[in-house]
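Following are the structures in question.
What follows is chain A paired twice: with chain B in the first complex and chain C in the second.
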Partner chain A sequence: MDRSSSLLDEALDLDGLTTPSPSQPARVVLVEDCVETSGAFILHHLMKRFLSPHSSNAVVFVAFAHPFSHYERILRKMGCNLVVQRDNNRFLFFDMLMLECPGLDGGVGQSIESGLFALYGKIQKAVEVSSLAESKRNITVMIDDLSLMEVAANGSSNHVMDFLHYCHTLTTQFGCSLVTLCHEDIYSSTERATIPLQVEYLADVIIKAEPLASGLATDVHGQLTVLNKGFYDGLGSSRSKMRNFHYRIKENIVEYFYPGSRT
Partner chain B sequence: MAESVSRALRDGALDGEHAPALAIKDSGDSPFGLAVFSHVLTQLASNVLAGKSQSRFVVLDCYTDPLGWKERLMECGSITNSSPKVSVNTSLCKDIRDLDKLFSLILQQGKGFLGEGKSRFSVAIDSEPGLSGRKAHGGGSLCLIDERADLDLMSNLSLGKVSEMLRHTSTSSVAGLISNLRSHNLVSCVFWLLHSDFHEIRVAAALEYLSSMLASIEQMTRPNDVPRDNSQNISLLEHNYRRGKFHVRFKRRNGRVRVMSEEFQVEQSRIKFMSVSSEDGTIAQSLVPKVQFNLQLSEKEKVDRAKVVLPFEHQGNGRSIDIYDGRRSLNDGKSDTMPASSEKVQTNEDSGRGEIIYFRDSDDEMPDSDEDPDDDLDI
Partner chain C sequence: MAAMKTRTSSFSRNISGAPTSPIPGLKYGPNGTIFVSSGISDLDKILGGGYPLGSLVVVMEDSEAPHHMLLLRNFMSQGLIHKQPLLYASPSSDPRAFLGTLPSPLSSKDDRSRDRDAEQEKGLRIAWQYKKYFGDEQKVEGRGDGKLEYCNDFDLRKPLERYFFSGQSIDCISLHDNPSLYTFRDRCSAFLAQLPRYDGKITSAGRIAIQSFCSPQCEFSNMEWGMLSFIRYLKSMVRSSNAVAVLTFPHSLVSPSFSKRLQHLADTLLSVRAIQDEDKELAKLLTGYQDMVGLLNIHKVPVILDATTFSMKLQKRRSLVLECLNQAPVDCSSGTSYATSGSCSGSSTSGTLDF
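Right, the complex of A and B next:
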């Protein structure tokens, strides 16, 4: 299992993500998924990696999709206790499901912005506090997911992009990483899908979770295409690379393997 | 060709003309606009640095706080840490939506420099995350633009992502800003970056009309031709993320339009341009199907082939050869003497050579060639 799970890690260059180094700039990761293949497991995988006991990294999680208990259950099965991490201030959870849903009170345009502005203020504050707590720690801001965020912003993609732009300024200011999930096929009919396109421009790593092109299979649940642009690195692995492999989601773990390496 | 772009920007505006303007256009399939943008910026900066006495630059930072959120947060006291200043000459633009204000801010920055007795200033408006990102990470390769002592009162101006501006304002106001800048007599050149797939075609076209040079970046090959899931496609896509085509359209004052093409390769955060022709050769070579037979000749093989003497060429070492056709003795006047003498001469000179000597039995006999060889057959 160790070998196979490292396929994703290797493609993502996860060591670079989890251990901050001066030559390695902060990374922006975009996970794109489809209706048939959810990309949530990649977020869980990354969350577990970031919160591994060997590091002091922190995660700021902005949830539009699920409540805390959902993530907590999944991560517990994977061997990571989110409640403990939350108490240690390594996992900061923003529940955007209900009450803080921006833009539902008052006038439309201004209130959406003020709602997202308030959320951004909280995130920046959290990032500031946790970067002050320990100087060498790498903070990751995760957003699950952008499409629901757009729904929460009453469909105003411009405001979502403003918000993302400000989150992106955090990566340069504090050296944070930014991980976002986006549903691709919601936008498939529109001519210019602004949000996925813009985030693709920003992203250093794009992970696409798709169903197999050859159709359904019982023992393969989908394929991942990982594009690691990484050409702004200082030294070493500065070439962009692309990996494609299949995965199978099991109860607690996900298996990754190259096409054809399984019978 | 990338040099000619840099050269045009370096030379700046002529008196009574608008400043040269470069639009860099890329798309999601080949997102190297930023790399080209910073290449142009560094070229311009080094050009400026080469002929100048002092080096300074102003950065008008539209990236860090384009909507003034951070300022508001700081006023509330909820955040403390203001963005780290990359350079002393950085100033923040806190409302990207108000382009009139932005324009006056740009001019104010520029004139501020002029007030200090400098003759030329440059402003890089940086709404571009990648640029400031690399600055913050000490990439070091990026030196921004400076003033130049030996030239007129002009500024170079690079607008980061115009796409970002267009998101906040209308096309007409961005076009107005660019056109105002171009026609301003303090501005020596303007360039900007545009992601074409964010905008409608007419928006991109409107901004292209404002530019005197358009650099568009395209991918090398279209992946759509190949089925989606095979491994070849992956490597093709990977290939596309390292290199691409670079087309530049120059518009001259007299209306002549010239289009040039180049290819580029991205390596180690730098971009390398090369001419198309050299690249074509290698592609053509790689397109030849792989067979067991060697279809190409090496240099040595070509030389060896040229040395081979064809049959009949080697007999006589360059002299013309008489081939006896059996009739000459009949028709030639010297037919009586020639056969015997020529036989003698030949045997003396070329004793080492094999030779067939044939004497006809009689002159009445018809030449061999006229006989029917199958005469004796009873068919």
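Right, the complex of A and C next:
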């Protein structure tokens, strides 16, 4: 692993995330982004880390935003073959691009609950099966992204939150992690932003991608703020740890660096 | 170093231009992407080749000026010239009338002269030849083999000739008379069903142009979630077919959260802005201010850009060009800086960015 990309891993404490240990409970990661700076690259980075050849971790990916070919193409560029991982049952992909609840008025009458419940059932089964396959294996459920899931649920944020709470129970039941992407700027104008507030409360790690505060720059594409809530410092007490650094997206890697550390 | 220099000598052929696609109107880009032209050669260059096939382009309209129509017109005209199927939807009650306002390609093109009588062409050929030496030489090369070009220059004053409309699949939908989003969705999926995506073998590419999607004239303009799921559905349909969808929407008329959601759904996000006639401050700041008709902002693209704001100008009052913004020279500055900025605004496009 090259040194430049380790800054994000360090901030996330990814080694604790990828290797399950009794002291380190499973975690919930929330990625927040906005129109100017997409946070999708963080998902790709995490996916690559989870599917690294040294481990046997599995990823359950629930896609509302892009088809499989999109992720496959990007991850291949990053040096990770999703097709092979899918054949090895380490990468389980749920294409939810066409999911709509309630369904079309001409189609089958499907309520919001039953649609999302069916999806949850599929995820639960996938997690169960892959946890049975190998005992010391960390499973990650990734959802891309919550805002589109809300659209699929016809704007019912309560149902989306219920769904997330169900997924949250999986983290305690099977010790798996949950990674979600949420477009935060959608909710910035509304009074009660239920979804981001509640997910932020659930999350142990919040990664926020923002444009550079000082404006457009050619060598810095944005800044990341990583808030690590459940940080145990060995003395039994917990405190949160915040990190802030810049990133620059390149052809197939992303460079992370502290502000001002590059000339 | 020396080896590099010999390779890039002025006599070597430009490699990026060498592989010609078998189908006119399609360009093969890196990583397996295929582009269709936006109808504005400068925009194609900025976007790294054009609009990628299978993507959703969203244009945020200006509430005061119809600059988004310029983008739509060029996009639609270019498609018709390439004989690509077109679906056009607009909130007006007679969308077919809009086809009459599409611009015609700017003279001297082989595809036009071929259709003329040989006699007439003989007489005009000398005049055409002059054109070559007038300016952009690099645009002229590679045109001689009688093929359709990837991107035409359009004359905004001349309407597109009739024969481009005949014998093509053009579908016009009025969103005003068509109250249900479900019927609109069915029309779109029927249109896209004729353009299935086969890997490797592509026969034609379709274009979908939707104008002023959420404007109050549309019956469904108060159904935000319905419209969002329509666009989400459209996006996933376009992904799996050989088509590009361009959608414009008035972002000042919709709620901020809805606008943000739409912006997140876009693969390519552009916005157009009018500029005031007599804005003294801006006029002092920018060169060529008096020729500008508006500003084009590029918010989200698959490639990483150096600049995001470009000025839209009408060259000789008829063809649309995009330029980087050039800061006007300060009065006491040296002559060289004046010369460079002057040349930038004079040429049809400027590759460098100094703003």
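Worth pointing out:
Criterion: the second predicted complex is superposed on the first by the 241 of 263 C-alpha atoms of A that agree within 3 Å, B and C clash if a C-alpha of one lies under 4 Å from a C-alpha of the other, contacts with A are read in each partner's own complex, and residues count from 1 in each chain.
Heads up, the rule we're going with is that a contact is a pair of C-beta atoms (placed from the backbone, for glycine too) under 8 Å apart; a residue touches a chain by one contact, two chains touch by 3 or more.
The model shown is predicted, which means the values in this text are computed figures rather than measured ones.
Contact with neither chain B nor chain C is seen for A:53 once the two complexes are overlaid on the shared chain. More chain A residues lie in contact with B than with the other chain of the pair chain B and chain C.
Contacts of A:241 after superposition on the shared chain: chain B is touched, whereas chain C is not. Of the two partner chains placed around the shared chain by superposition, chain C is the only one that A:155 touches, whereas chain B remains out of contact. When the two complexes are overlaid on their common chain A, residue A:185 makes contact with chain C while staying clear of chain B. By the touch criterion defined above, A:216 lies against chain C but remains apart from chain B after alignment on the C-alpha atoms of chain A. In the superposition on chain A, contact is made by A:67 with chain C only, not with chain B. Interface residues of chain A facing chain B in the complex, by the touch rule stated above, are 22-23, 25-26, 113, 117, 120-121, 124-125, 128, 158, 161-162, 165-166, 168-169, 171-173, 192, 194, 197-198, 200-202, 212-214, 223, 225, 227, 229, 231-234, 238-244, 259. By the touch rule above, chain B contacts chain A in their complex via residues 28, 31, 35, 63-67, 69-70, 72-73, 76, 78-81, 83-84, 129-130, 132-134, 136-139, 164, 167-168, 195, 197-200, 227-229, 231, 234-235, 237-238, 241-242, 266-269. Taken together, the chain A residues at the contact with chain C in this complex read 35-36, 38, 66-67, 73, 77, 97-98, 100, 104-106, 147-148, 151-152, 154-155, 183, 185-190, 216, 218, 221, 249. For chain C in complex with chain A, the touching residues are 31-32, 182, 224-225, 228-229, 232-233, 236, 239-240, 255-257, 260-261, 263-265, 269, 299-300, 304, 306, 308.
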